[in-house]
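To keep things simple, chains are lettered A, B, C, D, E and F as they appear, and every chain counts its residues starting from 1.
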Amino acid sequence: MGLDDIEGLEVEEIARKIESMEIRGAAEIARAGAYALKKIGEDFENEDMTDLLEELETCKVRLLSTRPTAVSLENGLRYVMHGVRKADDIEQLKEMISDNYSDFIDNSIRAKSKIAEYGGRRISDDDMVLTHCNSSMALAAIKYAWNNGKNISVIATESRPKKQGYITVEELSKEGIPVTLIVDSAVRAKIKKVDKVYVGADTIASNGAVINKIGTSQVALCADEARVPLTVCAETYKFSRKSTFGELVPIEERDPSEIVDPKKFPGVNISNPVFDATPSEYIDSIITEKGVISPEGAYRIIEEMIR
Amino acid sequence: MGLDDIEGLEVEEIARKIESMEIRGAAEIARAGAYALKKIGEDFENEDMTDLLEELETCKVRLLSTRPTAVSLENGLRYVMHGVRKADDIEQLKEMISDNYSDFIDNSIRAKSKIAEYGGRRISDDDMVLTHCNSSMALAAIKYAWNNGKNISVIATESRPKKQGYITVEELSKEGIPVTLIVDSAVRAKIKKVDKVYVGADTIASNGAVINKIGTSQVALCADEARVPLTVCAETYKFSRKSTFGELVPIEERDPSEIVDPKKFPGVNISNPVFDATPSEYIDSIITEKGVISPEGAYRIIEEMIR
Amino acid sequence: MGLDDIEGLEVEEIARKIESMEIRGAAEIARAGAYALKKIGEDFENEDMTDLLEELETCKVRLLSTRPTAVSLENGLRYVMHGVRKADDIEQLKEMISDNYSDFIDNSIRAKSKIAEYGGRRISDDDMVLTHCNSSMALAAIKYAWNNGKNISVIATESRPKKQGYITVEELSKEGIPVTLIVDSAVRAKIKKVDKVYVGADTIASNGAVINKIGTSQVALCADEARVPLTVCAETYKFSRKSTFGELVPIEERDPSEIVDPKKFPGVNISNPVFDATPSEYIDSIITEKGVISPEGAYRIIEEMIR
Amino acid sequence: MGLDDIEGLEVEEIARKIESMEIRGAAEIARAGAYALKKIGEDFENEDMTDLLEELETCKVRLLSTRPTAVSLENGLRYVMHGVRKADDIEQLKEMISDNYSDFIDNSIRAKSKIAEYGGRRISDDDMVLTHCNSSMALAAIKYAWNNGKNISVIATESRPKKQGYITVEELSKEGIPVTLIVDSAVRAKIKKVDKVYVGADTIASNGAVINKIGTSQVALCADEARVPLTVCAETYKFSRKSTFGELVPIEERDPSEIVDPKKFPGVNISNPVFDATPSEYIDSIITEKGVISPEGAYRIIEEMIR
Amino acid sequence: MGLDDIEGLEVEEIARKIESMEIRGAAEIARAGAYALKKIGEDFENEDMTDLLEELETCKVRLLSTRPTAVSLENGLRYVMHGVRKADDIEQLKEMISDNYSDFIDNSIRAKSKIAEYGGRRISDDDMVLTHCNSSMALAAIKYAWNNGKNISVIATESRPKKQGYITVEELSKEGIPVTLIVDSAVRAKIKKVDKVYVGADTIASNGAVINKIGTSQVALCADEARVPLTVCAETYKFSRKSTFGELVPIEERDPSEIVDPKKFPGVNISNPVFDATPSEYIDSIITEKGVISPEGAYRIIEEMIR
Amino acid sequence: MGLDDIEGLEVEEIARKIESMEIRGAAEIARAGAYALKKIGEDFENEDMTDLLEELETCKVRLLSTRPTAVSLENGLRYVMHGVRKADDIEQLKEMISDNYSDFIDNSIRAKSKIAEYGGRRISDDDMVLTHCNSSMALAAIKYAWNNGKNISVIATESRPKKQGYITVEELSKEGIPVTLIVDSAVRAKIKKVDKVYVGADTIASNGAVINKIGTSQVALCADEARVPLTVCAETYKFSRKSTFGELVPIEERDPSEIVDPKKFPGVNISNPVFDATPSEYIDSIITEKGVISPEGAYRIIEEMIR
């Protein structure tokens, strides 16, 4: 669900769509959150600047509560709020919010296009690429390679429990890219013939660990064992400032019913972690809009954010 | 589906039930195949020994065609047929088949009980055991430990595409054993807290590689990375004679529709390998009815079969 | 032995206490050395600025000779001496020394508190943490976690030959933290149940290698084998500028009698290396007062020092 | 403490000396236990064969209780008792016990000499050998190499808590072999210059795992990391029959006071495991009196015992 | 140089051809040595049995001196001499030698054909196989696969210094098998696309280590890193009895001039080791005429020789 | 072939000498290319600034075509052309070219001397250093250590196909440094006794991968397996800007005849890749003129270039 689809929605509607995963994907969530703040600015009719700031703050808290671990959302909201408390009057405040929003969206779009380009170049003719879940950044890179005449093929995992792999195979197949669907368990059986693994990221920690959809670290381990390089495609706003100050990225547990109806299995515990952490040693490169880096270079990216 | 359920079925019915996986599990298939041969002996009314031998041979070929890679089936059929061509007359032939059948079933049952005992002893109090798919041997060992008063808990993978993990959690939960269901992708996220991995085997090759349900080798890799020992529970009739003579164990591809309805994904290739191979270096021990061995000792077990 | 205990001591007394390891620990040594320079400034009665500079230099050389490999000491002394040769007169010189000293101590104390906070956050509820030797930084992080209500426990190694592990267990036990003492050889036997390893550092090289108490690299290897992340807690003044220019960190050999009375073992060679080097690949994160970094980011920290 | 020293001791005296570790070392314990049975036979004055058998049994139970995990002791006692229940009369019974005892001692001595020879041959001129604890088998091999003119040197670990390394350095130094003592923590710092590691074994499991003095697995890990082959020297009576049937080798915890006086550390837990398990993947070869084998061949050795 | 080419040669001529490597390859050397003994028997004209035995012994010593580390030669000579000292008279002695010789040649030929078959079966359609040096056993397996309709291709290393890779590419190319020549340094660059590595062996030790042409262990390491299984093809007479008794397989250093004319490089040391040792952990399977085994099963093969 | 040898040559002559590898080595190529541009400036007689700029551009294109993958060449040419388009007139343009050239050469020479110093310091007394191919940077560091009185020795690989190892052994032997020549295949057999590996680099990518002479990654793998640290010596102008933007470093295939005369092997494919890529995980440190860094710090070096 992209920006077009949320045009006109109220904050609470956006918040609920994020919670229900109608709006999903780190970039989409960040953009939707940013939009919600902008909309508050646009819709605000009162002249009291303090009121607006308060409403923005309330909105921010509500949005952050939807996916408390989503670094991109937090970074997006911070981007829109950047410097607004220094506004001289409500007009300037509204303008700043609107400008910040536009900048964020522009940067976000430009970032995607840069990542597609940098990531796409690193895919060679005849490469077989494996991808996990449904990362718009990773797919953008894959499509870039295909659209630049490279004869590639893709293996996509099902990605239980939400089966985002089905979206991935449809999306790639629509472009004409040869794609094969496998269950998550078949990665090691297939990886020997794979040339590269491309995945996205939810959050990147300052020590280079990448938090992404459950199963990513398992794919990474299989790739490492077979000497297949793994590339993470992620905008810099997925890098976590807080991780620099020791905050561990919490791993969300979502509802068991995403896996199976718990009522059918009385007495059985069902655990549904959404993400896992891939250590830097299994990652060949992270592709950001600033260029291709080592995962161990993550601190350098965050350092610039903090300054 | 055990022996009781197939009592009275004809060869062709048994063959079809194996093909459709109503009869599944290496031990169950072997026993069912053995039963089919015995039934032919019992039902045969003609007095011509050559005819009976021919019918047995036809039956054997039909049964082998159901799961051409199932070593246990082949070993079971060979067991029943052992020496029968040397029978003096049709009565002796029938008797030999019946006796061989009984021996095979007895051995098979005794093997399971021995494996439960040896494997169960190696599970310690307070252990958390992870298992993949639905192996009657691995579960027998886990239950033995539980029934001997050890306070254990189990993590079971869903095991896509057929989701045999649902049977596993029901089976263990019925015994009162605390059990948690996870998706296949969550193994690496959970393995650090796991003390032991117990799985079954479809086939064991003479170089110690274990062929088992797709995903087993991925679980094994995760376990190895986290220094969690992996134990394979398998009767000796799962050891492959042919692998000694260079036959590679072929990896069956089953119908894509087991994963998803291919019609919904036109243009998308779907690959559904049923098994994968776990190399000996990721296996701590194989538990057979003859005792606990290193996977590298597989040749020794087969050597005795061949002699 | 902290700053309070050395209040009023003369340079030579401080030097000897460092040599005898009465004053020990990288931070303590650095502070004591800085104090010695400050004291010279305070006590100097002559009006000749050149004389004072000379005396400071002599003192610096004497102090550096006590532990020639201690990077923190060198960095501490350089900090106090920073810019002092540009003083206009002796009053300004004395003031600069005094101010630099205060700054260094303040920074050092603030660094410890930041590291405690960042490091403490990364310890989770119910974690079992293993620590080696007696690092004030690592223990500060552990205590921070405990004091913030996390229910943790600690395993501490004896740390032969000087058995600083005894100090560690006393220190933690006094805080009420459940702690278990083991011999250095038992690390691999215990590490499977450990969630995190926290150690300090004597020196950090520009390629990310960490020089610390003998045995640290062995602990790190055991942790790596069992997928237990190892965290190094170290102020930035432990990062070695010289390593950037190719200087190898020399590994001190201390007196054999620290291990055993050599006279009782005539003809036996006794080797007593004080430190070892842990390569970056076995280190998950380094926690400095600037934040959490990858060990491979060490050059970035030093780069800022050099500029 | 060898056989000469226990000549004439009563069963209970021997049992206590094993408990207190005056008699220590797997071979020494086994021989002492065997001797105790023999002595009962010799000293028995009554004519009632059943009484003697009962007394032997009582003695066996008492001896096994001293070190319940010592495989060599169990194997030694079984050797002496082999077949004795089939004796026709008390004279024959006494003779059998005496003969079995002599055979066991002869075999044990011959085994040591074979192991010294096979193990010694595998040490090359100019090799530096590292050894842990005080294994009579490993030292016999080292001395064999030295006595055959090879110019070797040895590094010996202290082996906390009991510091058996002191006995090792004295023993080797007495032979004139250049030997260096280090603390247990310094193994990784020294291993790069080491050519081979030689250790003994307490118990060898059927999957090739070697249970030996705490720290052995840590030494093995360091050796593996640096591509230094590790050799285990062990008589076949250290191979555990029971491990074949799933019995885990329990790891004894000995008294904390072996490490430090617990009263001095109130509130501190002290854990003192005596052994650890080295997995087969870190072992290059096991040298037995039957020859040099892979650890994975352990089952083959036990298989012959069982038959 | 095969048996046909040496027909009629005298012992000394054969010995020299082995020394000069005109006769090379473990099987060829063994056969030539066996032939030399047979020829002595045939040519012997005297009637004195003791004289003949002595001459045979002298011949054996001379032959063993040509390649003191060639296990196959030693095993071949022992085979021919087996039991001959028990001959009743010179006629019987001559007959035994002749019969033993024929048996050895027959076994050797049958072994090759079995290994070709077992090894060939394990090569799959579309496999790319990498081979090092020029092993007749490995090539036999590759040709078997090709001749059984499998569409394979081969990468062959140059194999400096003697460049036996040139013979390999000619031999395979003559069969029509697509083959690519690379320098030894390019193995890691090519291995990712390789499906299997097939090599021969000079000697196999009882702990599963394989001694083969210099560079084999490097190829094995590259294969292991990229999860490409390595198969060793070797007749059982390449397994070393002596290694069971602790004899290390010595690594021959051949003349530096095989690499380069030393006179052109005065003052430069040139080292030319002929073999290296590949540890069992890098070997997937060893294919012998008895079947496919784990390298760790080597002791089992030798055990049967020794009995 | 250094700068002295190309003094006075025309652009086309220089271009051809680079193509034929008469001028070889990353630093030499860069300097020669820079010289060619400078010469054009000097020789230009026309007064039209646009003409000169065009000629420079043409020359640049021609030079880049000689070794399209040589990063140092590209960086050298960019250095000379830096800012020249902003020249006010032709005189200033010529001066800028001349000045830029001089700066580049000075920096290049200073870089070599710094690298020699930093790299040389990290070689210890009694070290045995292994080097591959013929890297002027690596050899400069080795000679620095020797000339500073360190008693070292060197192992040099032959480096097929061009055998640059012969140049290396002559160069080192001339200095009196003890040096041993081995074939490329013997690295693993020798590496255990090696203390450090020093190599050069052709290109360093932003993720820390080092592209260097074929075989380097194989040497690196052997070193890693045996815990021998590998050091790369490279000026910062070998770091690839383009890699930051996703450009893969292409691996040149040179003429098969460098390996062997293809006519002698009709039907045989010959593959002659010139470089391979060593991943950052096998590299301990990269030594640049800016200091010693982790390979993962490569992006930081390039980041400064890009700004």
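Definition applied: a contact is a pair of C-beta atoms (placed from the backbone, for glycine too) under 8 Å apart; a residue touches a chain by one contact, two chains touch by 3 or more.
Bear in mind that the values here come from a model prediction, so they are computed numbers and not experimental data.
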Path length in the contact graph (subunit B to subunit F, fewest steps): 2
Shortest contact path, subunit C to subunit F, counted in steps: 1
Homomeric contact subunit B-subunit D: same or different residue positions, threshold half: different
Candidate from A-B, D-F or A-C with the same interface as C-F, over half of contact pairs in common: A-C
Distance between the centres, which are taken as Cα means, of subunit E and subunit D, whole angstrom: 40
Whole-Å gap between the CA centroids of subunit A and subunit E: 57
Touching two or more other chains - residues of subunit D: 225, 281, 294-297, 300
Pairs of chains in contact (touch as defined earlier), listed by label: A-B, A-C, A-E, A-F, B-C, B-D, B-E, C-D, C-F, D-E, D-F, E-F
Interfacial residue positions of subunit D with respect to subunit E in the complex: 117-122, 124, 229, 281, 284-285, 287, 291-297, 300
Subunit B contact footprint on subunit C (complex, rising order): 192, 195, 225-227
In the complex, subunit A residues that touch subunit B: 157-161, 166, 169-170, 173, 178-190, 214-215, 217-218, 221-222, 225, 251, 259-260, 265-273, 276
Subunit F residues touching subunit A - in the complex, by the definition given at the top: 205-208, 243-248, 279-281, 294-300, 302-303, 306
